[in-house]
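Pasting in a structure now, in structure tokens, and then I'll have a few things to ask.
Labels for the chains are A, B, C, D, E and F, by order of writing; each one numbers its residues from 1.
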Amino acid sequence: MANKVVTFGEIMMRLTPPNYLRIVQAESFDVTYGGGEANVAVSLANYGEEAYFVTKVPDNPVGQAAVNHLRRYGVRTDYVVRGGERLGIYFNEIGASQRPSLVVYDRKYSAISGAKPEEFDWERILIGARWFHFTGITPALGDNLAQACLDAVKTAKKLGVTVSCDLNYRKKLWSPEKAREVMTALMEYVDVAIGNEEDAEKVFGIKAASSDVTKGVLNEEGYREVASQLLEKFSLKGVAITLRESFSAFDNGWSGLYYDGKEFYKSRRYEIHIVDRVGGGDAFAGGLIYALVNGYSPQDAVEFAAAASCLKHSIVGDFNHVTLSEVKNLMKGDASGRVQR
Amino acid sequence: MANKVVTFGEIMMRLTPPNYLRIVQAESFDVTYGGGEANVAVSLANYGEEAYFVTKVPDNPVGQAAVNHLRRYGVRTDYVVRGGERLGIYFNEIGASQRPSLVVYDRKYSAISGAKPEEFDWERILIGARWFHFTGITPALGDNLAQACLDAVKTAKKLGVTVSCDLNYRKKLWSPEKAREVMTALMEYVDVAIGNEEDAEKVFGIKAASSDVTKGVLNEEGYREVASQLLEKFSLKGVAITLRESFSAFDNGWSGLYYDGKEFYKSRRYEIHIVDRVGGGDAFAGGLIYALVNGYSPQDAVEFAAAASCLKHSIVGDFNHVTLSEVKNLMKGDASGRVQR
Amino acid sequence: MANKVVTFGEIMMRLTPPNYLRIVQAESFDVTYGGGEANVAVSLANYGEEAYFVTKVPDNPVGQAAVNHLRRYGVRTDYVVRGGERLGIYFNEIGASQRPSLVVYDRKYSAISGAKPEEFDWERILIGARWFHFTGITPALGDNLAQACLDAVKTAKKLGVTVSCDLNYRKKLWSPEKAREVMTALMEYVDVAIGNEEDAEKVFGIKAASSDVTKGVLNEEGYREVASQLLEKFSLKGVAITLRESFSAFDNGWSGLYYDGKEFYKSRRYEIHIVDRVGGGDAFAGGLIYALVNGYSPQDAVEFAAAASCLKHSIVGDFNHVTLSEVKNLMKGDASGRVQR
Amino acid sequence: MANKVVTFGEIMMRLTPPNYLRIVQAESFDVTYGGGEANVAVSLANYGEEAYFVTKVPDNPVGQAAVNHLRRYGVRTDYVVRGGERLGIYFNEIGASQRPSLVVYDRKYSAISGAKPEEFDWERILIGARWFHFTGITPALGDNLAQACLDAVKTAKKLGVTVSCDLNYRKKLWSPEKAREVMTALMEYVDVAIGNEEDAEKVFGIKAASSDVTKGVLNEEGYREVASQLLEKFSLKGVAITLRESFSAFDNGWSGLYYDGKEFYKSRRYEIHIVDRVGGGDAFAGGLIYALVNGYSPQDAVEFAAAASCLKHSIVGDFNHVTLSEVKNLMKGDASGRVQR
Amino acid sequence: MANKVVTFGEIMMRLTPPNYLRIVQAESFDVTYGGGEANVAVSLANYGEEAYFVTKVPDNPVGQAAVNHLRRYGVRTDYVVRGGERLGIYFNEIGASQRPSLVVYDRKYSAISGAKPEEFDWERILIGARWFHFTGITPALGDNLAQACLDAVKTAKKLGVTVSCDLNYRKKLWSPEKAREVMTALMEYVDVAIGNEEDAEKVFGIKAASSDVTKGVLNEEGYREVASQLLEKFSLKGVAITLRESFSAFDNGWSGLYYDGKEFYKSRRYEIHIVDRVGGGDAFAGGLIYALVNGYSPQDAVEFAAAASCLKHSIVGDFNHVTLSEVKNLMKGDASGRVQR
Amino acid sequence: MANKVVTFGEIMMRLTPPNYLRIVQAESFDVTYGGGEANVAVSLANYGEEAYFVTKVPDNPVGQAAVNHLRRYGVRTDYVVRGGERLGIYFNEIGASQRPSLVVYDRKYSAISGAKPEEFDWERILIGARWFHFTGITPALGDNLAQACLDAVKTAKKLGVTVSCDLNYRKKLWSPEKAREVMTALMEYVDVAIGNEEDAEKVFGIKAASSDVTKGVLNEEGYREVASQLLEKFSLKGVAITLRESFSAFDNGWSGLYYDGKEFYKSRRYEIHIVDRVGGGDAFAGGLIYALVNGYSPQDAVEFAAAASCLKHSIVGDFNHVTLSEVKNLMKGDASGRVQR
């Protein structure tokens, strides 16, 4: 039986120059669609869950294309609101070797960022759901969206729906101060928090001692502190942290950590040669939610999430087009990449 | 000796699904850049004039790509201002047979639409210029742009620069009432006006009797009336009208009319099988300006403009990539399309 | 309120060489998915109906891709069965001028052609439905499929679901004799029949006098006879006939005829410059069903169907990606192809 | 039993901007290979003959690619000489509507143009052959090639091999005077001459009265005179003339005329909507040779040649990728372009 | 002087999503053609041998395209039989990092798999040949093909043609038991066997102790045992084994081993960053056959084979498009990848 | 204030098979334009300098396309001469793993190689310039070009313009003896020389002891000797040497050395995973010139040059499309490739 899972946020058009070209060289863009919470919904649909994505898109072919892209990969779009000005866009140059990937956002004035809280009927949306997920990007889109998130999580609590939040701090959307204020209010209703090396520090001032993300140095001990501080501060049931070691735009180390208030569970570490790293964190969140909603043990959950998101780095676009069996196969240890005939 | 010609307006990114695909089918977009006045500048640069395009683009790779596209085709970008929020975008489905081309605008909040009049130093920009051209789209972008246009045409007058204006009414940008008010003020400084079958009516209420653009029926006599009313109303030196007969998205009739206050000059009529019709009117304006600034007779001027814009319909993108000799060759009558070896 | 409409048949992968290349020249194929009944389902989903497509696809990424393609365009795939050997494929060269389009079928041994009648639970599938549609292709896939069709139409009758059948004779799938035998049994349960110039003759020996499809000559009187014979023979409520005049691979005349047992209703005739004609008949069927299920008058129904299918010829792929308003706009008479800004 | 047919000339790399782009817009080129005599060889291989193409290509991957392209389509390349400086290149913009196709040649210093007559062992090459074909382009490449042609046709005569020559005058390669001198010497050994509206006049001063190729006006009577003058002047067995009416880059009329010294045989006339017209004349020559070497009647021969070359205009690239049965089908009269399922 | 070498098997159409896309994401497929024995034939043609490929393809454009692809790269297709149902197809996702390449076979009911033994006239095919090669895939296609293989190898023996067999076990085609039975009968006529880490075990139960292919661990000592057991069991002249170490879909170790009954010859080991690994083993077989038929020493033969197949991993498609001099250059030790100007 | 910098040499069309295909596989080529000195000009334009490129191109669309490509990226083309026979072309296969990149030159008879020294008015070209740069390729194109270079450097000296020369020895253009003779005469006017591991040895017989470029072994001590010998021999102000370690076509080590006659300055060493290495040396030269003309310290200059050229290896095409801030960011040490949002 599939579980109803609901995610809420923005889906953008992503325009990517093909073949490692830069924007100034491009004569065409590959077009996909994505966004933190939409990416999570696709992961869950891929694993067989009944995943709903809630957003607002303009009532034109561009908005329809975004909805179609979600439907194509099995996400339910019944609660998508139509109207507003435009679909957010982001341009994404794929980095290579020492040249970093580059994102140029053109997301302002998007339909979802202008949506009113009352456009979302959370009682109807969340009825029967097992899980609700959002990221720190959604409330950062404006006070109206922060309110919509608050409405959502309160309704979720009321209906007994588990709530997860990926902190996902975006400095171009809001200041740390604003983020802290808004997120603190929302965290009260969150059960499981997910973050990476920068989020906890930027949003809540919780810092992993002596890591330097630009040097690819990770301090695992520090992350444990961060996780436990987060969990305590907001009385969470669990905290997951993704640990990315950035060696170059092509080569990253990748693993995950999960803390359930009692023990720390560390996943296997992957050395990844990257095809497309956007959505890596969302693939982790999607994997974690799948595992937790299906009763995996904490260790299995963080392994599933890490394997799923490791595979995402080999997939073009924001969405993680992998099957349950592919994730499980990697989770069990076959990272040899041998041909599957 | 090349003549300095200045045009002022917006340049947008144009995203076009390849191979007659619709937006909802597209997995990639061909990307070009264009806009009414930018298209005119490219025409003039192609014919050997020193064409400057004045605008404002965001200070990011997307804005730079637009500038590069202009530079590639010889347009001078020395007076382009950097800053603002975003580059305007438009999505353009190429129509086919009975299915019309479709334009989805996403141009709001563009850098140029947010520019302040004082960001353009018209004295410096227009010094030494022979011609200044703008279209009704630019003042439609906002009161600030209407003011900038007014500054420009006043300076032009002061410096003895000839001014042309393509009425180019866009119903999504402003109401007929607003257009009439703003355009009337600007027309005082205009020497040559250009319009098509809808513009004069929508903007100034001057209507060609008994034409129905959706039926491909043209009433030439009516156009003559429109031209002479326009010329008189604004004491113009000349009025040019493009006559498009729309039989289908693939097949159009095309010709032009020029009135110099004394006589009507009608160009040859072309039956066109269309590759890309966007920018057809701009190619006409570019051809007309080239001809007038180079002292062509009225008949030759309208023939040159019509031939140039006929060829535009065979060119992909907004810009009219044709050479002086190609236009002249068609103008002289060789429309056989025989291979040039 | 959307109407539940169910269609049943095969969906194939379509491999098309790009840019008018022939198969022997192709180094890549554009891949879309289609099939007579699937195409009808997409049309109905586009117009806002709750369209279900019933089929069987292999349980592998190729089968999943076909399902995803349907979902993308809003078709419900809840009743799609998984299993069997392979997805049917067809190679499709787009014709040009005097060179006809070429179809190479590789559809044998497909999952649906090997499906057992009992794999489809028609009571469950048709509950609440307003309409059931199939074409002559489905029963031609094998006796098992003929049985499945019979099960379906019988259940439809029982549940009060209107049944339509597009005769769609395919000579590579069965002989006229076999077709007549099987189709005659099925027609007993059909309410509305749809056919083209060859179908009635090949399947039931009902011939329009003195038409020669290879010469582009149509004999409208003859078609009226065919329609009335068909209607009487099988006590139908309505018969629709598509009238294609083939002048070249690029240029066709196109119109439709509808007979309700009392009067003949003829649609406007379109002169089409073709982009992709596959699925033209299915677009007509989809349009007709939409119109009839929504209570259009017979004249409006045949106009809607003809306009919808006219537009299909401008769309790449089997599916008719047009909106309700686009069909209505053409139906009302604007075939000028003018840009929609 | 296949007939051995030998053709001799240059094969060039053809670089074509995709999708009607102009050279200055192109960021990629489609690459094919072609040349007058190579195109004829491909036609003959397609129809099942044992076609050899004789040339010289550089001993590098670019030369190898040209050879591979011939092999791919069944042409025997056993007698191709390796060495020399470079492969000739031509850039080819596909025209549209009133914009003509444009060819930029970059063929100078090619391997074949620098080949020495003694590099071709005609006794060995022509042994067992039924037919030898060349065009006026080959001797125009230089005195060395003119000599090689003379060696070839003399050997052909000695061995009883029928010789055909397509006059194919190219003004960028030589002057009319030079052409007349060289071609006159070669024509002594020619059995069948092929030409178009310009060739006979430019090369031999034989003019069809009152035709004007830039106006699409054809004077059939004049062509009959040209054919009979040519036949008499050089004691030919037959003369074929292609009649192209150029209405636009998209639309041409096309037919052929054959004169056997007794009667004039005129083919059906085709109205063609062009995909790619390069190689149209070569497809006519290839069809004519096939028909004559297989004993077709003169009327059938010119019909076969005209149908074959009509189809070429629908094929991308220089080569005529059509089968014997496709040509025969069109020759019999089915130009309806109906889908072949 | 080129040696006549004959290979026998299936050639399939290979459909590959571009740019690391997965099948469910693909809107186009790159199309190439390949198959174990066809790939070997292309290698040999590239090195200058007279390579014939024997198979059966359907008599349609798809079958012709496969033949053309072989001809393009110099393989002789004189003995290819036409007829049967369809060309086998396989879909091939290119893997990346921890995501393995994925092959979806759609090869059942192919023309070759349905061919009758008597369709191949081995006396005529093998006359004058120096070498005959097949793989374990061909007899796995059905008893008819196993018989055809037996006919071939018996004829080869009779005519003094050396026979090689690449064991190439495919679990989707037959069971180990069936494979053992059929292959044992065929091995009686084989001179040189080639295998990889799985083949000997799966087919003949000969296992290299303590290797685990999913862990990238190779046990060289074990392979020596396997080679010597194989050689003795079937009285072979030589046994070659390819040693692939799978670290990820991008990174493999690669080397080869050859045993001539007296000594073991181990090639240099290559660390490969993979572009396309399909056909790597076939490139090894092609290199080995070339070396042995040209009298290379065992050490040189295994080095040539290993270098050739190392390069294959950098080539897109099944075929190994490398020249003799490129293989020799790498074999001599220049693996620096420096630009060749 | 931008500095006027002038470079002089050839710009070629570069034709690259897409996606790692080899030339014999390619059905299309990506087209870019480049050449040693043009590449340097683009680097300088990117960093904000007023960069002029001087050359001669044919007066046709192919020549125009090369000019447009330069203009697009901000290079001034005011002094480009039009005329001559053709634009030089080079075919460039991108290497992979052990397969080296392959360049096939087709540059003979280019417009620039046939230019006369007097076609370049160096007094006019160099007036107001700060720097003049050329490479050893330009004088290698012929005695006329060697003379033009001599004219240029003499004029530069006279006008106080700093001169740099990248030795860039090309064995296909001239012999070491000829190179030494010509370059020795030119070096008299050079201020800064740039070279790689082969240049100094090939041109001046100055060899770094015990390096073997095919083994990726670098002898830093040897390079210091080379640099100091070069500086002394030609009384240079500075000598820069690029140190490439070739591990494979994908993986290189990269660093630079600068000697100012007093001290040696070594840059950071980069381990690069290569996208496109053509133009790497030119990007170093462009970076060095920028740094020196802007008064960077020697250490900063070599770091800037090394960082700029490191980034070039991640950019498609000859040109180094990176911004000043991107180079500075890498120069400061962030090589983590983290996404820039």
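Following the convention adopted for this analysis, a contact is a pair of C-beta atoms (placed from the backbone, for glycine too) under 8 Å apart; a residue touches a chain by one contact, two chains touch by 3 or more.
As the structure is a prediction and not an experimental result, all values here were calculated from the model.
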Those chains which touch chain E and also touch chain D: C, F
Most distant chain from chain A by Cα centroid: D
For chain A paired with chain B, centre-to-centre distance based on mean C-alpha positions, whole Å: 45
Distance between the centres, which are taken as Cα means, of chain E and chain B, whole angstrom: 62
CA centroid of chain A to CA centroid of chain C, Å: 42
Chain E, residues touching no fewer than two other chains: 18-19, 22, 24, 27, 68, 73, 102
Pairs of chains satisfying the touch condition: A-B, A-C, A-E, A-F, B-C, B-D, B-F, C-D, C-E, D-E, D-F, E-F
Interfacial residue positions of chain A with respect to chain B in the complex: 15, 18, 22-24, 26-32, 60-62, 64-65, 68, 85-87, 89, 91, 93, 102, 104, 106, 108-109
Of chain E, residues touching chain A in the complex: 19-22, 24-25, 95-103, 105, 170-172, 213-216, 246-251, 277-278
Interfacial residue positions of chain C with respect to chain B in the complex: 18-19, 73, 270, 272-275, 310-311, 313-317, 321-322, 326, 330, 333-341
Residues of chain B that touch chain F when the two form their complex: 68-69, 71-74
